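Before anything else, here is the set of structures, which you'll find just below.
In the two complexes that follow, subunit A is the common piece, with subunit B as its partner first and subunit C second.
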Partner chain A sequence: MKTPKITIDRIKKYLAEGKRFDGRKPEEFRDLEIEFGVSKKAEGSARVKLGNTEVIVGIKMGVSEPYPDSPNKGNLMVTAELLPLSSPRIEAGPPRFPAIELGRVIDRGLRESHFIDFEKLCIEPGKKVWTLFVDIYTINDDGNLLDAGGIGAVAALMNAKIPKYDEENSRVLHDEHSEENVPLTKERPISITGYKVGDKILFDPTREEEDAGETKVTVGISHGIISSMQKGNETDLDTEMFGEMIDMAEKVWQDLVTKIEKFIK
Partner chain B sequence: MTEFKRPDGRKIDATRPMKAKVGIVKNADGSALFQFGGTIAIAAVYGPKEMHPRNKRNPAKGTLRCTYNMNSFSVSDRIRPGPSRRSTEISKVTEWSLEPIVMLGDYAGQVVDVHIQIIQADASTRCAGINAAAMALAQAGIPMTDLVSSISIGKLDKQLVVDVDKAEEDWEDGEGATDIALSFVHNNEKLSHIQLDGYITAEQLKEAVELGKQATKKVYELQKEALKNPGKEVSA
Partner chain C sequence: MADKEERKIVIPGETIVSGDEYLPGEGTEKNGQDIIALKYGLAEEQNKLIKLIPLSGKFSPRRGNVVIGKVEELTFNGWVIDIGTPERAFLSLMEVPRFVNKDALEEVMAVGDIAVLKIWSINKRGIDLSLKARGLGKIGEGLIVEVNPNKVPRIIGKEGSMIKLIKDETGCNITVGQNGLVWIKGEKVEDELLAKKAILFIEENSFVSGLTEEVTQWFGKNNGKGNTAEDKE
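== the complex of A and B ==
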């Protein structure tokens, strides 16, 4: 099921000449499509397609106690399920590392970027706050699930309405949708992952290209501010290439945000 | 007697608007979507392929293995991701419902995986899942004798109705709600799956099964139409 070595060698050979199988430039993303409200019981939802990669992200909200160290702030929980439905490589069973990493990396990007106004998610300080559950489901894996999931998380949050809350009985009235948006700021924390393939950098890899990647760096970035980062895989990376990756990520962010805003309009 | 009024105004033998589409997961050998109103199920088939773990291999024939899973946000109260007692049982009855039509005699030691995912739930999710799964198996080219079509029959107070939605599942008046999920093999008109919970006489249950048999014929027609037009969404 793994990409054969001969294909990986070919990918590297092409890339050395600045070429990719599908004719894209190294930093060029595949066609992006976003569809909102794809699961109506969710507080908000979005389907994101990057070429043949497809994810669905949904938002649910619940009321719970705040954490002791942030009594006046709402909570965030991001999880990802890498469904066996989405790829012959994914096996059924408890979440394995890639699913955990996907959830955690996107969680940090959202959390640290000031995108969500957590204080406005407080109902009663120290007692009751809203928890945002962001759940990512893979539908078709053709590489770069991380970035697709991150775009989906931002899109689904922007699509979400806070459900009504019956304070007296401490019950969330999920089926009575309000018109109140989740409190979000102008930040657009997009997770962008650069891959080192040979001595080149590429973005938005297909499955085969992702397999050719020796190491990857995911940057959570918004308006030039980096608020999360993770280097993945075992190969080391020189600081020059690392710097180049971040610079490229910043440009990619601009392109992506422009594309995303078109779907939001 | 006055005409029975369903919460959404449907006729007693009417399904919600149905949609079906084949070929929705590119990586899969076969895939399909089936929708009853607000209930959306997708299914993807991978295989036949080698069975792992090895000790699960059946030397006599291939194995059909189904998994049913709900998106955490597909219902009002979020479901914890991962398998539950409920999803484990539904996975198994889905397998049983499809077993009579698949011919895996030539695939000794192999497995055909069917993964069902509920994207949005408004009751009757297992029926939508089975319908999608049967279509996905057909698209994957798995040898089959027939299709399986599934529907839910409800009894609201004393009235039998076709294709139960959530508002009907929660019916409380009179004798309350009885929910019967059933699946038919099309050509020989045999039951391949039935489950029930509620409060119903044997006689009325037989009536319900007959009603279900008729209703699954409409489901079958839509499944067939979708299979003839891969990539196109068809509705009824």
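== the complex of A and C ==
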């Protein structure tokens, strides 16, 4: 069931005092946990836990034709699937708005940060390039799938090994992974989503808090600068608050980077 | 099943016991000589009557149940209310104990409002709800907690002992709907959050015997420190 209005009123009332139900500060993230290589068959995979929210991201690679406007660049496809097991409010069936939004926002975060060196994913210009399929599966939805999925996508890409390619028969040998990593830059992009709840801003909401959120802005940060941005939900956001949100996101970014670094050896 | 006190875990379709002398009770069905489980849960026998206590699953409504629901839709003569059942639950205008302007139903309850209601009849068309009893009506403010409907008896406790304990410890007013929705209202948000935590603790530990004592201890550990401090540990 969707969070009832009276609970939302309580969240807003409590947040006006600068407090949250679980005792966190408005800009504080929940405990983060990253596990690499959860799937043996995929080219790369990662499981990310953010409090009770849990996502698994898998990378598959295939060889296909490049797009006409970028003949010497590889392709990237990000899709998200909200599994019914992750929340009682998700139904099986074709992807609906939240799933599409999740895939698109994370796609933009990865693409605009130039995290992946697409030119190195080219096998034969104009004919054959690698396509990266990034698939996001939600295991448990307790809010903030956007950030958990974004961290998961980056982690899975770092874990990925390019499979061997049989040039003669033009077949990808999925069972044999080479030692070659996906060409990535050193700087890892992180997307952070700020939510406007009442007249306050908070980060990393739980399911209830996300329901209370009127507007959200996802900011993709890479190399310490903002590389992508996406506003969600229908409600408006004034300039002052928008500025405040960006400032806070930059602060949160610092903390989150140190949290993520712990899991990367 | 020879021993009276014994409880057996059964899955749907499993034969609990076989024999003409047994009678099927709640959550079971008779097929020839066999008593078959319809739900996943604990089966027990009392005077040849086989009963099944479900461990999971949806709320199955019964006449007289007090439930908490959310207004889904307004019609010309009442409200469609979501109480977590597969069947449609309806509150008719006639079942509201006050004058209602037929052109302005939303003055009484609008879409999204939460109310405490009573099931007064279940028929082919669905479930009929009523507001004609003490303690029923729209909820103004407070906290709504969702729990597994099958754990509601544990939250209430024997003759309401558990719920009384939570009320005394937190000073909150608590209404438990049989459909697994709990309404908590206290003076401070902190009190409400403590009550919410206690309820979730009971839900998680519902299989423990001597739960009331366990909860008393839990309150000893969690009370007084305040919610924020306890989370930081």
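Basically, the second predicted complex is superposed on the first by the 265 of 265 C-alpha atoms of A that agree within 3 Å, B and C clash if a C-alpha of one lies under 4 Å from a C-alpha of the other, contacts with A are read in each partner's own complex, and residues count from 1 in each chain.
Criterion: a contact is a pair of C-beta atoms (placed from the backbone, for glycine too) under 8 Å apart; a residue touches a chain by one contact, two chains touch by 3 or more.
What you see is a predicted model; the values in this text were computed from it and never measured.
Overlap between subunit B and subunit C is detected when the two structures are superposed via subunit A. Applying the stated contact rule after C-alpha superposition, one finds that A:Asp22 touches subunit C and leaves subunit B untouched. Comparing subunit B with subunit C, more residues of subunit A are touched by B.
Contacts of A:Lys13 after superposition on the shared chain: subunit C is touched, whereas subunit B is not.
With both structures placed on the common chain, the touch criterion links A:Ile139 to subunit B but leaves subunit C unconnected. Residue contacts after overlaying the shared chain place A:Ile56 against subunit B, while subunit C stays out of touching range. Superposed model on chain A: among 95-103, 113-121 or 203-211, the stretch of subunit B in collision with subunit C is 95-103, the rest showing no clash. Of all the residues in subunit A, the ones that touch subunit C in their complex are 1-7, 9-10, 13-14, 19, 21-24. Those residues of subunit B that touch subunit A in the shared complex are 24-28, 38, 40, 42-44, 46, 49, 67, 69, 71-78, 81-82, 113, 115-117, 119-122. Contact residues on subunit C toward subunit A in their complex (touch as defined above): 70, 82, 84, 112-114, 139-144, 146, 181, 189, 192-193, 227-228, 230-232. The residues of subunit A lying in touch with subunit B in their complex are 38-43, 45, 52, 56, 58-60, 62, 79, 81, 83-88, 92, 94-95, 133, 135, 137, 139-142, 174-175.
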